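Please go over the structures that come below.
Below are two complexes that have chain A in common, paired first with chain B and then with chain C.
Showing the complex of A and B:
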């Protein structure tokens, strides 16, 4: 792909496989690595290997962790009756950043997408259901993405949870804070109206 | 920065130092590395280290290379009377991709930028001047970027080369192919007019 020394080409070829990194960006990054100090490059390489070596899935919530159970599952101060279901580890990070959620999580490691060959067996649904049974969980918050796959996953899980008599909620979909009604698409606006609340 | 396992945070912190990689992208990439196979991650880490280990600057043209002199400098079929001066190794790659240039290169490894503390001593100007003296070079093409730093660098080099009686040219600045006159800024348009050619 790149007209340069083989080692640079090889690095660019590795980088272009990362999500959101195009050919040009990969080349630019590879050339930047060449300009890095020896220590910086080694630190980067070790950090990559370390992630693979040290992390695994938490046996309880299926989130990325270095210890098992993960710090969130091991934290006794968190509300064990509240369980938030998300698609990816990144979603847990995003929700934790709000500082608003004091329950625990379950990470599905994906969303239903028949076209991509992702059915319930490919997701951490079995683990999720066995967590619900005989537990003290009173509410499940479905926080899958508000897109086709996420909605389908939420619907599927809802049908599984309902018979257990556990309350199921879905995160609100509406106008993002700081944005403009003008720019919102009609589906989002419709959802915002539908989900309006008394003030 | 990131609320996750320490090894993930460490990788994200390494990645955020790369150009064009923001906090969110760094997190996303770190989580992607977690999802990579062991082999992919090792290949990436080794590619990073390899670039530092195998590459150096060509002693002739100051481009990135694994062999010294670099393949372009060592290629006897290339026109030794034509020398193209660029700022960065990436510029050589871009020019080589055109397949139009059959001369040799000199990579300055930067452009004059007094505000950033980059003077002629920080660039490969000494190497450049000693290449010119007593050589068969008949034309120097100044292919530094068409921005303030690049133009200043071109001007500076022109003044150095002129006394040697070598022809100096500057790459054409004008309307990019495929774009629209409407969208071009006035400076570019003025340059396009100025550099018009008989057809």
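Showing the complex of A and C:
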């Protein structure tokens, strides 16, 4: 890392660990923090710590939340018979933005990927299965990403759900192939949701 | 389709080269090392965004420069087109008709291209991977979905191989861990084989006929798609999927022992024989050359039929080792092509004499006279 005061270097070294941030960017950001007013810098530091102190995974749906259960799980105007499974918290945000889905969610916190050492144990599958047992859930929508890993995850879950006699649908491939759910625009996503197919 | 102009900046030894083409046949003449192959490579690169020699993007940047830029203009039946490619700092940017492409694969199929060079004897001399690549590039140019399937298949294969490798180390695997990958391997694999089957059904007879035409009927070539699943002829996707699934079950133990997937389209081959004998084992130099030419012409013919117009055809020094009769036959075959680009070192070569072509003299990566 760059030559300079140790505190600057330490900040740059922390930043470089963030996804999408290279060495150069980290150095630039660290220098930018140096130029901030003390209030701004404190606000940034507190915001970072707050995320860690205040948020946790919802004990029901495993989404990131400040209150447990999260606002969506606590909202009883939502359709309790419909459950949508996604990979990441960002997918919930994307789907909520469409305003089309009235059920609840389950966030797996990833997708199967042996190459990255991610098996079923690394995902929130146990939580998901215990949610299904003895519940009023009538339909599970598998909205994992339309790529190889998302598809494998959907296939894996399907095998687990089938014996329970719950209807399983897979989000239709209205989404550009190979892209992540997160990036799909709202129109395509809404269309994909309408067109979900029974599997 | 035809290319009407080419601009190459810092592409290999082409510092700044601008060429306009208005003829059907275009002949690049120059000494060894002048940059003829580089021009052909630039044309090919503009069409499919990769080098026909399999070179890495970084290797194409002129030594000492930090980027290259290519521009091509041309005509298709659908109208004029303009394509650009820039590589800088490991980043590639491709534009088509003024739109920057989000994914490079979007370019595939817009402008079709076929390249024929002396290197192509690898097709029949080399391992099966060479022939799979040949087929994959041809089919990808007529079906973008095929390219997506190939990428997904490759990714599935890597994931599945990792499961098998872990299984080998830990001495076993639970069926649930393999199942999701098996399912996709089978469904993607079966669809890939179906596409390869039908492409080969069209390509093989044409290539065989062209081989005969080249050799004046003195010997004959056989070309057979040899997949690891199915028999290579007209099987349906469902039949193939069933057989694939069975084979996976039967080879599972061996797969765990080896830690890799042993059946599937990633192991397919195309068998090439001349005079009833395997070419790879028994072929003469001239037979390898003729077979490579026939395969490429077959590929060009496949593209022509599916796209409804002729692909751009680049030929690098392909006449030099052909006997007079074969060279003459090739000239005749090439005459009916909408647009071809050829490279040769000698202005008295057969192609320079017998093909009526616009000539471009190259020296040290620069255009000297036409």
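Definition applied: the second predicted complex is superposed on the first by the 173 of 199 C-alpha atoms of A that agree within 3 Å, B and C clash if a C-alpha of one lies under 4 Å from a C-alpha of the other, contacts with A are read in each partner's own complex, and residues count from 1 in each chain.
Keep this in mind: a residue touches a chain if its C-beta (ideal position, glycine included) is under 8 Å from a C-beta of that chain, and two chains touch if they have at least 3 such contacts.
This structure is a prediction, so every number in the text was calculated from the model and none was measured.
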Touching partner for A:153 - first (chain B), second (chain C), both, neither: second
Thinking of the overlay built on chain A, is A:119 touched by chain B (first), by chain C (second), by both, or by neither? second
Is A:40 touching the first partner chain B, the second partner chain C, both, or neither of them? first
Does the superposition put A:164 against chain B (first), chain C (second), both, or neither? neither
Chain B versus chain C, judged by how many residues of chain A each one touches: B
Of chain B, residues touching chain A in the complex: 2-8, 10-11, 13-15, 17-21, 25, 27-34, 36, 38, 40-55, 64-66, 88-90, 92-93, 96-97
Contact footprint of chain C on chain A as seen in their complex: 112-115, 119-120, 147-149, 151-153, 155-156, 159, 177-178
Going by the contact rule at the top, pick out the chain C residues touching chain A in the complex. 103, 148, 151-152, 155-156, 158-160, 162-163, 166, 176-177, 179-181, 183-184
